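Consider the two complexes below, in which subunit A is the common component and subunit B and subunit C are the respective partners.
Take a look at the complex of A and B:
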C-alpha cells in the first residue's frame, strides 16, 4: 500500500507542490507557497482555449465512439459470432501499427481524397480516435457480455413477449454497464491526454491541453507544474462526472 | 381433439435427424414428460414447440390454433430453462413484471399479479433481491414464477431441476406437482431422470434416437415397457435374453424378459422347494448387499448370470450376507416380455 502510494501519489503531489512553490531547491518541502503561477496560467487565454479544445475533443470523441463502437460490439456479439471473431483481431491492429503510420493514413483519409475533408478541424481528432477507442470499449464490454448467458436471456425475453430491441435496452445494456463505464472512462482519458495524434493530426490549428504543455515545456518549470496540476484537476473532475453520471444510470 | 397436438414433426441439423415423425397429444391441465438419454432430441423438440427452433415439417397445434409458423412471443408459451436465464440486472419482482410490461398492462394490475405470484412461490423475503444473490432453488422458483405470471397456454420446462442438488430437487419436484394441481396449468417437462418423469408425468414419452419408443401413463411405462430400449432406460430392470432364461430358470422362450428387481423374491435356501405353475425358482449366490434406504439391494449370481434383487429393508431384520447361498422366486405375472 505504501509502495503504491509512493509510486502513484507522491510524484503528482510533488508536481502540485512545485506549481505552488516560491522556491524549492535543497529542501524536502518548498521554502514558501504562492498562487502566482496558477493565476498566471488562468490569466493566459491560450490555457482556457486549450482546456475548452481538449474537453470538446474528449466529449465529442466519447459521443462519436460510443455511438459507433458500442452498438457494433453488441450486434456482432449477439447476432454475428463469425464477424465477432474478426472484430477481436481487428481491434488490436491500431496498436500494432506505428502512430505515425496511422496518423498519416488518417490525414490521407480525411484530406478529401475520399470525399471527406476534416483535416485541420477538431473532427479529424474526434473521428481519428475511433480505431483506438474500439479496443478500449471492446475488452471490458466483451468481458461483461461473456459473463451473461446471452442466448438464453434473448430466448427468455422473446418468450415473455419482448422485442430484441427491448431486451437489448432493458437487459443487455444495463448488464454491461460496468464494462461500458470502464470503456467510457478509458476513452475519455485517452482523448484528453493524447499528445501524439493531436500533434500529428491538428498541431497548432487546434491546440489541446497536451499541445499547450508542449508549447510551455521550454519555459518556467513552476508554470509547467501549475499547468500539469490544473490538467490533472480537469481530468479528475471530468472523469468523476462521467463515472457519476453512468453510475446513476446503473443504480436506476 | 387434444389441447396440444403435435403431428408428424421432424427436424434435421444438416444430414443428421434430430427427431422424426413425432406425434404427441397433451391434454389440458396435465403434465407430459419427455424422458430419454442425452442427445435423443427431447430438448430440440421442446424448443420447436416453444418457437425457438423451426421444425422442417409437421404441425404444432395449441388449443385448436396452429402455431407452427408463429414467432415464439406470439405463441403464448412460458418456458423454464435449465440454467434459469433470469435477467441479471433485475430484481425478482422486476423479472416477473418484465413480461407483463411487454403486454402493456396497467401498473396496478402488474403489481397485483407480481405480488400474488411472489407470495404463491414463497419468494416474499427475496422479492427485491437480484438473481446473483439467490440460491439455485430460489432462482428456479423465480424462473417458474416468471413463466407462470403470464398465465401461459402451455408451460415448457427444460430439465429445470437438473442443476440443483438432490434435496432441493426433490422438494421443488413436489412443489411443482402441488402447484400444477392448484393452478391446473398444462406443461411439457423434459428430463433425463426417470424418477422425476414417473413422479411428475400424467403421460410420459420415452424418446430414443429422435423417436418415441413408448408413450403412456407412468404405471404403463414402468410396469410394461414396450421395448428393450425403454426397459433399459426406465425402471432399472433385469434384462434376460432367451439363452439366459433357459440357463437360470430352465425354461424355453423366444422373447427377452424384463423383470423389476423388486419382483424377484429372495430367501434362504430350503431343502425341498415347492414348485408351482407360473413360479420360476433358481439357486443363487449373493455377491453383494447394498443398503439403499428403505430397500436392500442384493447382487446375486445365478448360474453365472448377474441379477439384482430389491427387498424391503425392515427394521430388526437380519439381512443375508455376501457369499450366502439363497434361492430366488419369480412369478410369471411379473415378467414383461419385450420386443427387440
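Take a look at the complex of A and C:
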C-alpha cells in the first residue's frame, strides 16, 4: 500500500524538485536548489492571468453546475421515477463519449455557424462542463438519497402540516450534504484540470492554467516545473478549502 | 415515489427543466452535430468519409494502436487497483474519504503536467532511467514511445480503477466473510470461490470503463508524443486543428466511429454494474 502510494506521489515530487533545482541533468537528484524560477513565474503577468481565469471557470462551474443539477436530481428521485431512469442513462454518456468528441461538437455548434458564439468565452467551458460533471453529483447524492426512508419522511412531514419545500429544506437537503461535498470537490478538479475543452474551444482567447502550461512546455524545463508545482498547489489549496467550507456547514 | 398535487408537479418540473435543457444543448446537440457532419463531404451528403477511413491502413492503424494500449492499461489498472481497493476498504472511514479525494485529483492529473513529470523521471536523463541504467537493468528507455504511453496511462488508469472498484466491494459484506471463515475457508479459497464470483460483473464493468477512458485520452498523448503517436484521438485533434491535415468532416467521422466502438460495450456494462436494488 505504502509502495503504491509512493509511486503515485513520485511524479508530483519530481516536478516540485525540478522546479526548485539549480541544475539537474545526468544525476539522480538535483545538484542544488533555488527559488529563482518560482519568483520568475510569479513575476510573469501571464501566470497571474491564467490563475485568475482558471479559478473563475472552476468557481463558475461549481456554482452553475450544482444549481442546475442538484434540484433536478432531487425532484427526479422524489417525484419522477421515469425521469430518474433517464438521468441515470444520460449520466453515463460522458464515459462512452470522450471529451474530445463532445468538444468537436461544441466547436461546430457555437462558433457562430448557427448564430450563437460561445467559443472563445469562459461560458462555453462553464456550461460545457455540466454534462461531464453531472455524474460526479448524481452518483454520491443518489447514494445518500437511497439511504433515507423518503416516503415515510414525506408522509410524517405532511401529517404535521409541513410543506414539501420545508421537508426538502429541513430534512432531505441536509441528508445529501456528504454527497454534495464529494460532488463539489470532484467538479472543481475536473474544471481546473481540463485541457481538451480549454484548448479547442477557448485557447488563447481565455488562457487557463492548463493552456499556459501547454504554451510554456516548449521552453525552459525549470520554469514549467515551477509552473506545474504552483498549479498543484492551487488545486490542493482549493480542494482543501472546498472540503473545509462544506464540512463546516454540515457540522453547524 | 411521492405523490404530489398539480401545482407541486409544475414546480417540480420547473426544477428539472434547466438541467434537461443544458444536457440537450451541450451533450445531445454536439453529438448530433458530429454525427451529421460525418455524413457530409464538401457540403453534400456522402459516405465517402467512412470509406476513406475504413480503406486507409494509416487510420485503421490508429484504431488498432489505441485499442491495444487501452486494453493493456485497463488490464494493468484492474490487476493493481483491485488489491488496493480491498486494503482501502479495511481502513477507517476518514482515511477512505481522503484517499478517494486524492485518487480523484490523480485521475485528473493528465495532459502536460503528467507527461512532463514522467519525462523528468523516465526521460533520456530521467532519475529512474539513470537508476535503472546504473543497476544494469536496462540500456536505455524511450518514454516518447508506445511503451512510454503505456507507463504514463497506467498512472491515471490505476487511480480510476480504485475509484471504480471501491464502491463495488460493498457487495462483500462482513457476514459473508464471517460465514466463509466459520466453514473453514482460507482467504485464498474465499476469494476464488465466493468473492470473485460475486464481484465478477462489477469488475467486468470497471474494465470496460477503464478501456473507454484510455480510448478517449487525448491531452496526455498529445503532450507526451504529439502527432508522432498514431492514436485515434491524436488523429482527430490533427484533423480538427492541424495546419496541413485539416479536414473537419473526416475528424467527425473518426469521432463517430470512436463513439460507436465505445457505446456498445458501455451500454452493456450499465446492465452489469447496476446495483441489484436499483428499483429503490
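Worth a mention:
Just so it is clear, the second predicted complex is superposed on the first by the 234 of 252 C-alpha atoms of A that agree within 3 Å, B and C clash if a C-alpha of one lies under 4 Å from a C-alpha of the other, contacts with A are read in each partner's own complex, and residues count from 1 in each chain.
Here, a residue touches a chain if its C-beta (ideal position, glycine included) is under 8 Å from a C-beta of that chain, and two chains touch if they have at least 3 such contacts.
What you see is a predicted model, and the numbers here were worked out from it, not measured in a lab.
In the model built by aligning both structures on subunit A, subunit B fits alongside subunit C without clashing. Of the two partner chains placed by the overlay, only subunit C lies in contact with A:109; subunit B stays clear of it.
Applying the stated contact rule after C-alpha superposition, one finds that A:18 touches subunit C and leaves subunit B untouched.
Of the two partner chains placed by the overlay, only subunit C lies in contact with A:78; subunit B stays clear of it. The wider contact with subunit A, measured as residues touched, comes from C rather than the other of subunit B and subunit C. Legend: residue contacts after superposition of the two complexes on their common chain; A:152 is shown touching subunit B, with no touch to subunit C. In the overlay built on the shared chain, the residue A:166 is in contact with subunit B alone; subunit C does not reach it. When the two complexes are overlaid on their common chain A, residue A:8 makes contact with subunit C while staying clear of subunit B. Using the contact criterion defined above for the overlaid structures, shared-chain residue A:60 touches neither subunit B nor subunit C, since it reaches no partner.
By the touch criterion defined above, A:130 reaches subunit C but does not reach subunit B.
Superposition on chain A places subunit B within reach of subunit C only down to 9 Å, the least C-alpha distance between them. Touching of subunit A by both subunit B and subunit C, each in its own complex, is seen for no residue at all. Subunit B makes touch with subunit A in their complex at residues 50-52, 71-73, 77-79, 81, 83, 85-90, 98-99, 102-103, 146-147, 150. Against subunit B, the residues of subunit A that register as touching in their complex are 148-149, 152-153, 155-163, 166, 170-171, 174-175, 177.
Against subunit C, the residues of subunit A that register as touching in their complex are 1, 4, 8, 10-12, 14-15, 18, 25-29, 68-69, 71-72, 74-76, 78-81, 83, 89-90, 92-102, 104-109, 127-128, 130-131, 134, 146, 150-151, 154, 164, 182, 185-186, 189-190, 193, 195-196, 199-200, 210, 213-214, 217, 221, 224-225, 228, 231-232, 235-236, 239, 243.
Within the complex, the subunit C residues that touch subunit A are 1-2, 4, 8-9, 12-13, 15-16, 18-20, 22-23, 25-27, 29-34, 37, 80, 84, 87, 101, 104-106, 108-114, 116-118, 120-121, 125, 127, 130-131, 155, 158-159, 209, 212-213, 215-219, 223, 233, 236-237, 240-241, 248, 251-252, 255, 258-259, 262-263, 266-267, 270, 277, 280.
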